[in-house]
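Okay, handing you the structure first.
When the chains are written out, they are named A, B, C, D, E and F in that same order, and each has its own residue count from 1.
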Amino acid sequence: MRDTASPQTVPDRLDSIAKRLCDRTGPTSSTSAGHPHMMPSLIELKNIIDTLRSVLFPGYFNTRPFHEFSLFHHIASDIDAVYGRLTDQIWRGFHFACAENGTTPPSVEESGRLALALLDKLPEIRRKLTADAQACYEGDPAATSPGEAVFCYPSMYAMTHHRIAHELYVLGVPLIPRIIAEMAHSHTGIDIHPGASIGNAFFIDHATGVVIGETCIIGDNCRIYQGVTLGALSFPKNEDGSLVKGIPRHPILKDNVTVYAGATILGRITIGRGAVIGGNVWITEDVPDGKKVTQKI
Amino acid sequence: MRDTASPQTVPDRLDSIAKRLCDRTGPTSSTSAGHPHMMPSLIELKNIIDTLRSVLFPGYFNTRPFHEFSLFHHIASDIDAVYGRLTDQIWRGFHFACAENGTTPPSVEESGRLALALLDKLPEIRRKLTADAQACYEGDPAATSPGEAVFCYPSMYAMTHHRIAHELYVLGVPLIPRIIAEMAHSHTGIDIHPGASIGNAFFIDHATGVVIGETCIIGDNCRIYQGVTLGALSFPKNEDGSLVKGIPRHPILKDNVTVYAGATILGRITIGRGAVIGGNVWITEDVPDGKKVTQKI
Amino acid sequence: MRDTASPQTVPDRLDSIAKRLCDRTGPTSSTSAGHPHMMPSLIELKNIIDTLRSVLFPGYFNTRPFHEFSLFHHIASDIDAVYGRLTDQIWRGFHFACAENGTTPPSVEESGRLALALLDKLPEIRRKLTADAQACYEGDPAATSPGEAVFCYPSMYAMTHHRIAHELYVLGVPLIPRIIAEMAHSHTGIDIHPGASIGNAFFIDHATGVVIGETCIIGDNCRIYQGVTLGALSFPKNEDGSLVKGIPRHPILKDNVTVYAGATILGRITIGRGAVIGGNVWITEDVPDGKKVTQKI
Amino acid sequence: MRDTASPQTVPDRLDSIAKRLCDRTGPTSSTSAGHPHMMPSLIELKNIIDTLRSVLFPGYFNTRPFHEFSLFHHIASDIDAVYGRLTDQIWRGFHFACAENGTTPPSVEESGRLALALLDKLPEIRRKLTADAQACYEGDPAATSPGEAVFCYPSMYAMTHHRIAHELYVLGVPLIPRIIAEMAHSHTGIDIHPGASIGNAFFIDHATGVVIGETCIIGDNCRIYQGVTLGALSFPKNEDGSLVKGIPRHPILKDNVTVYAGATILGRITIGRGAVIGGNVWITEDVPDGKKVTQKI
Amino acid sequence: MRDTASPQTVPDRLDSIAKRLCDRTGPTSSTSAGHPHMMPSLIELKNIIDTLRSVLFPGYFNTRPFHEFSLFHHIASDIDAVYGRLTDQIWRGFHFACAENGTTPPSVEESGRLALALLDKLPEIRRKLTADAQACYEGDPAATSPGEAVFCYPSMYAMTHHRIAHELYVLGVPLIPRIIAEMAHSHTGIDIHPGASIGNAFFIDHATGVVIGETCIIGDNCRIYQGVTLGALSFPKNEDGSLVKGIPRHPILKDNVTVYAGATILGRITIGRGAVIGGNVWITEDVPDGKKVTQKI
Amino acid sequence: MRDTASPQTVPDRLDSIAKRLCDRTGPTSSTSAGHPHMMPSLIELKNIIDTLRSVLFPGYFNTRPFHEFSLFHHIASDIDAVYGRLTDQIWRGFHFACAENGTTPPSVEESGRLALALLDKLPEIRRKLTADAQACYEGDPAATSPGEAVFCYPSMYAMTHHRIAHELYVLGVPLIPRIIAEMAHSHTGIDIHPGASIGNAFFIDHATGVVIGETCIIGDNCRIYQGVTLGALSFPKNEDGSLVKGIPRHPILKDNVTVYAGATILGRITIGRGAVIGGNVWITEDVPDGKKVTQKI
C-alpha cells in the first residue's frame, strides 16, 4: 500500500535516517561518547608507540637520519615529545573512564606524573626486550640473528607494546594500555592483556591466535607457540548476576616453561618450572615442575 | 652454453619479462581485470566504512570536531556523502561481477536504490551494535565499560563491518560485502562471511581465528571465543564435479549459546538454546537445548 | 628517604632516562642497529610488493589509470622501477645480515643481479598465482569467481607475497624475504616461511592461524584450512646447546592433499598423495597415499 | 694556530652550535615564542579558510561529494566544525599577542563569541563575493563567466581571504587576520591588510604586486590592476622616535574608481567618485570626482 | 530590545547562518556550481601537469627511479595515464562552461580527441622549452647552465605551463587552460594568458609581476624582465555597455625584442624587430625595428 | 588526404608521441638530466629549510611538542639530522653542476665539511634574523610585535632563506643556494640572489616584486619596499658574444638607506649612507650620503 500512496523521496529518507540516528534515548545511549573533544586519539597513540619503538631500538625504525654521536640528543628529544603527548593521552583516558563510571578525573599534573613514571621504566623495558630478542634467536631454528627478530618478528612487536602497556596498567592508567595492546593484537594476532605479568626472555613463535589473560603471571625464559590460550576457566558472578571483575583467574607459568601450539591452559593453576605442555593439550589443573604433558592420541 | 654465447643485457631481459607478463592468453587470463576503470576501490570502501563507524558511534572516531547540538547536521551530511560514494562502489561491484559471469549489470539508479536501502538499516544496525557493546562489557571480566568495547574491542570492529556487509549481502550486492568483511578479517582475525545471520548482543572474545560461515544462523545473546569455527562439514558436488554453491551447510546456533575457544562446529546442525560447547570440542551433530558439551580428556 | 632529600626535577629525570637509554654496553647491545643508514626500509618494501601485485594482476590494484593498449608500457616501467628499488633493498639486506654475523656484504652489482633474477621469475609466479586463484574459486563454495579471489581473498594476498619471497630466499637474499613474509602474516594471519616450497593451485581457506615452516615441501592442488600447522616436532641441538639451524624438519605434502582446520602436522614426515587430514587432528608420522585421517571422538 | 692545536671533532662542533643556538639571552630573545604550545597553527587556519571557501561557493571546492538536497546539512556541519576550530585559533591568537605585550588574554568563551560573530557575517560576505565575481566577469574581456572567476581568479581568492580577515580585524582578533591575509598574499601576490575597508563589486586584475594599506577605505565598484599601491606617504613618529601606529594614513577611494597598473597612491588623500588613475601614475594629493589622471610622457 | 528579550542560543545562531547561506535565490546564485559532481579538479590538473613536466624533462622531476634504458616505457606509460586523466578533465571543463552559458557539452570521445591532440604537441613543446632553457642560460649572467634553468627558474616553470595551456586554448578547451595558467601565476608571479602566442627561446628574468595578455603575439628570442605588462589600452564596449570580448587588444612583439623591468606596453601596437624598451617606460604606440626607447629622466 | 587513407589509431599515436619524446639527439639534449639518480631533491631541501626555520625560531614552527627545558636536545637532534641531509644534497648539487660543466665533483666528505660550515653559521644567522624581526616591527606602523613579523611577514620568510642560501653560496656550493632562494621567491615574490650581501636589520615591506641582484652589497638598517629592483644596467659580453659572468654589476647600498616602492637602482653604483630613494624613481648613478631623491612630477 505504501508504495502506491506517497513514496518518500530520497531527501526525505536520508533526513529520516539521520533523525533516527540522532535519537540517543533508550538503550543506544552508550554508543555516544560523553566528551567527544576529550577522547584519546588512536593516531596520537600510534605516534607515541612508534617513537618509543625507535627509541628502544635505535637505528631500526627511525624516520629521520641520525649520527651515532648524536644519539643522546635524538633520544632525549624523542622522550621529551612523548612526555607531552602521553600526558595528554593519559589525561584523556581518565576523562573517558570517569565519564563512563561517573567519577572525577585526576588533574593534568597527575597525568604528567604518570607519563614520566612510564618513561622512567624505559631502560628496564629495553633490557627485557633485549633478552626477548635473544630468546627469539635462540628459540627459532629459522632465526639468523637477534637483530632479525627486532626488525620483523611479531613476538618482538607484541612484546614492545605489552611491556609499555603493562607499566601503564600497573600505574593505574585506564583505557590507554588496552588500546596499545589492541594495536599489537591487530598487527600480530597476539592478544596479551596489559595486566599480564611476563618475565625475562619471553618468545612467542608464529604468534597468531595467542591469548594471554589479564591476571597471568609468566616467569623467565618461557616460550609459547601460535594458538596457545592462557585463559580463565570460569567466571564467578556477583549476587546480582554480574561478573566479578579483577580476581586472579588465569594461569601462573613458572620459569622455563614451554607451551606448544594450540595448547589451552585455563584457570588459576600453576605450571611448574621447566614443564613442557604439548601441542593442542587441554590443561585445567596444576602441572608439577619438569613435567612433560602430551596429547593422548 | 648460453652464457658463453650472447648473454642478454639488462634492458633486453627487462623487456622480455614485461612481454611475458603481457601475454594474457591461456590459463592466466583470469588474473587481468576486465574493466580496470570500473573496479571497486579499496580506499573508497575504507572511507565509506570509516564514515559509517563515526556515524554509528558519535564522538569515538570522528575526524573533525563537532558540537553536540550540531550532531544531526554532521550525521546528515555524512550519510549524504556515503550515499553518493556507496552508490558508485555498488555499481562497480555489479560491473565486476557481471564481467566475471557475462551478465548485464544493473543501472546506476538501481545501485543508488540499494545504497539508500543500506542507509535505511543504519538505525537498526546501531541498535544491534549497542547491544553488542553491552554484551562485551557483561561477558568479559576485563572490560570496564561498554564504551571501552566500542573504542577498542576487535569484536565491535568486526561486528560493525559485518552488520553493514550482511545488509548489503541480503540486498544482493555482489563483491562489496565480501571486501568489507575481509577488511575486518585482516584487522581482527575474525572471518565472518557476510551471508551469516547474527542475532542481538553477540560477543567474540579475543577474536583471532574465529570463522563463521556463509549460511550460519546465530540467535540472540550468543558468545564465542577465539579460534572457534562454525563451518561446513562436506561440500556436495554437481554432476560435473564442481561444488554446489549456496546451499545451507553451516550450523544454526539458538539463543544464549556459548562456544569456548578452539571449538569446531561443522555442518547444518543445530546447537540448542542455552547450550555450552567447551573449548577445543569437535561437533558435527545436533546438540540439545541446555546441553553442556566438554572435551573428553 | 629519597623523597625527603632532593627530589629530581622533571628535566633531570628525562635527562637521566635518556642517558640510561644511551648506555649500550652490556647485554642490550644487540638492540642497536650497526648501520642505521643502511637499514632496509619497510616503506620501500611495501611499495615494491604493491607495485609487483599490480603488475601481476593488471587492473585490480593499479593506482593510476591505464588503457589496455598501453599495458605493456605500464608493466615495463613498473618493473624497471622495482629493479632499482629492489636492488637497493637487497643490498641493504646484505649489509644488515653481514653486520650481524661479521662477514663482508656482496657488491651492489650482485644485488642488482639478484633483483633481476627475481623479476625474471615473475611470469612463472603469475602462472602459479593464476592457478591459485582458480583453486580458490573451485575450493570455496562461497566464492563467485576467480577474480573475487584475486581481489580480496587472504590466501591470494599471502601467496603473492610468498611466491615472491620464496624466489628471493632461493636466491640467497637475507632478511628481505622474511620481511615480505611478515607483511603478509600481519595482514592475513597466514605465516608462511619464505623457505617453504609450494606447488601449483594452492588454497588456504579462512587463513587465520596457518603456519607453514621453513623446510616444508607442498605438492600441487593441496588445500588447507585455518589454524593448520605444518611445523617441526623437535629441535636438534649442537654440542654447545644451540639449535641446529637449517635442517629439514617440516612435513612433505604430496599432491592433492587436504588438511582441515586446526590440524597439526609435525616433523619431517610425508603425507601421501590425495590424503585427507581431518580437523584438529595431530599427526607426527607418515600418512600413506589416499588415507583419510580423522579425529577420534 | 687553532687548527694545529686541537681541532674540534664533528660531534663537538655540532654540540657547540646547538649550545649557541640555545643561548637566548640578549637581543635574540624575541625569536623564541613565549608559549610554544599555544601558538596558532598555520595548518589549522588553512583548513578553516578552505572549509569556509567551500561553504561560500558550494560545488567548487568541496572535498567530498554532496547532493543538492543535502546542501544545508553539509553547510551546517561545516560551520559547526569551523566554529570549534576557529574558537581555538582565536584563543591562541590572543595568547600570542598578550605574551608579546604583557597583557591578560580573554577567556575561551570570549574567543567562541568572536568566532560566532565571524560566522554570522558569512551570508553578507557571500553576498559581497558574489558581486565581486560579477565584477571580475564584467571587468575582464578575457573572462567567460562569473563562475570562472570564482574557480580560478586570484582576485576572488584574495577577496575571500580579505573579507573574512577584515571581519576578524574589526572584531579585534589579533594576529589571526594577518596570517589569513598573508596566506592570500603568498598565493596571489595581492597584499591587502585586514584593516582595509573594501566596498562591493571589487576587482583586481592580474593581481601580482597590489598593496592595499591598513587604513584604506575603498568604495563600491572599484577596479584596480597589477602593481597598484594604495600606501602611506609618511610615518609620523612619537617623541621617542618610534612610529605612531594605527593612525589613518592610506588613501580613500570613492565609488567607481579605476586605478591602472603600477599606479601609486600615497597618503590620507581622497580619490573622487568615478576618477580614473592611469598606469604608473604617482598620486599624493586629492583627485576630484570624475577626474582622469594620466602619466605625463 | 532583542538582547533583553530572548537572545539566540549558539545552536540557533549556527542554524540561522546555515539557512541564510543556503538561500541561493537572487544575486548570489552564480556562486553555486551547477554540476558539483562534474567540476574539474585542481588536484587532478596538478597531477597531470606535474607528470607532463617530468616527461618533458626526464630525470629532473621524476617521483620514482628509472633507468636510462627504460625511459621509453616510463614516458609511454606516463602519457597513457595523462591521456585518461586529461580526457576526464577536459570533459569536465566543457560541462562547467556549458552549464555557465547554457549550451550542450561535447562528448567524452571529443574530449579524448582533444587530449590526444595536446599530447601530440608534446615533442614540439619540448623542443621550444629546450630553446627557452638555453635562452635563460644565455640571457642571465647569474645562470650557470641550461640545466639550472630547467631545475629552478620561474621562467621555465611558467613557460612549461603556458606552452601546454596555449595548445589547449588553441584546441578550444574551456576553463582548463586558464586553471593551468593560474597555477603557474600563483607559483611564479608570471601571469600569461593561455591565449598569448609566444615564439622560440623566450626568457623572463626575475619573473614577478609580469603580465602577458590574451591576444599578445611574441616573436622568437625575446626577453622580458620583472614587472613588464603587455596589456590592453582600452576596452571597447558593446551597445549594451558590456565589454567586447576576444578582439585583438594586446601588443605584438617581433623577434629579438627586449623589454626591461617595469615597462608597460599597451594596446594592439607593434614593437619592431630587435627593439629595446627601457625599464619603466610607458608605450602605447608602435616602435620601429631596432629602436631603443628609454625613460626620459 | 591523410584522414581518408590510414588514420593512426590511438595506441599508434601515443606510441609515436613517446618515441619522439625519447629522441634526445640534437638541440633538446640539455633537457634530460645526466645523472637522474643523483639529482637534488626539492622535497628534501624543503624539509631541511623548514627544520632550520624551527631551530632558528623555537616555538613558532615546530611540528612536535617540546618543553622549554628540553630545547637543547631538540635543537641538537634537529641540526644532526640536517647535517646528514644537507651533506647529501650538497653532494648532489656538485654532481649536477659537474655533469653540466664536465668537471669532477668533490667527495662526500667535502660535502659534509661544507654542511657543517653552514651549521656553524646558524647562531650568527639567528642574531641577524632577530635584528631583522626588530626592524620589521620598527619600520611598519601596522606591525604589533617582532614576534608577529617572525610568524607571518614575508620579509622574515625570505631573509631566513637568504641568510642560509648566502652562506652556502659563499662556501661555493652550487645550485642548492639558488633552489633555496627560489623557494622563497615563489612563496613571497621576493627574488634575492644568494650572492647578495645584506647587512643587519634589513626589512622589505609588502615584499612582492622585489629583486636584489647577485653582486649587491647592502649595509645595516636598510629598508626597501615592494617592487624595488636592485639590478644590473648592462651586460658586458665576451669576445664570442656570450655574457661575462660573475663581475660586480649591481648597486651598493650603504647603511640606513631607504628605497620606496617601485624604485629601480641599476648598475655598480653606490647609494650613500642614509640616502632616501623615492617611489618609482630610476637611478643609474651614485647618490651621495643623506641625499633624498624623489620623482620629478
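Just so it is clear, a contact is a pair of C-beta atoms (placed from the backbone, for glycine too) under 8 Å apart; a residue touches a chain by one contact, two chains touch by 3 or more.
Keep in mind that what you see is a predicted model, and the values were worked out from it rather than measured.
Novice: Work out which chains are contact partners of both chain D and chain F.
Specialist: Under the touch definition, chain D and chain F have A, E as mutual neighbours.
Novice: Going by the average position of its CA atoms, which chain sits the greatest distance from chain D?
Specialist: Centroid comparison gives C as the farthest chain from chain D.
Novice: State, to the nearest whole Å, the distance from the C-alpha centre of chain B to the C-alpha centre of chain C.
Specialist: Roughly 24 Å separates the two chain centres.
Novice: Any idea how many Å lie between the Cα centroids of chain C and chain E?
Specialist: Centres of chain C and chain E (C-alpha means) sit 51 Å apart.
Novice: Please work out the Cα centroid separation of chain C and chain F, and write it as a whole number of Å.
Specialist: For chain C versus chain F, the centre distance works out to 49 Å.
Novice: Do you know which chain B residues sit against two or more other chains?
Specialist: Within chain B, the residues that touch at least two other chains are 10, 14, 18, 37, 65-67, 70, 72-73, 76, 80, 83-84, 189, 208-209, 227, 262, 280.
Novice: Got a list of which chains touch which?
Specialist: A-B, A-C, A-D, A-F, B-C, B-D, B-E, C-E, C-F, D-E, D-F, E-F
Novice: Using the touch definition up top, name the residues of chain E that touch chain D in the complex.
Specialist: These residues of chain E touch chain D: 10, 13-15, 17-24, 27-28, 30-37, 39-40, 96-97, 99-101, 174-175, 178-179, 182, 185-186, 189, 191, 193, 195, 208-211, 213-214, 227, 229, 231-232, 235, 242-247, 249, 262, 264, 266, 280, 282, 296.
Novice: Could you list, by residue number, the parts of chain A that touch chain D in their complex?
Specialist: Counting only chain A, the residues touching chain D are 10-11, 14, 18, 37, 67, 69-70, 73, 84.
Novice: Which residues, counting only chain A, touch chain F once they are in their complex?
Specialist: Residues of chain A touching chain F: 64-67, 70, 72-74, 76-78, 80-81, 83-85.
Novice: Which chain D residues qualify as touching chain E in the complex?
Specialist: Residues 55-60, 62, 65-66, 68, 71-72, 75-76, 79-80, 83, 112, 116, 119-120, 122-123, 126-127, 129-131, 133-134, 138-148, 150-154, 187-189, 206-209, 225-227, 261-262, 279-280, 295, 297.
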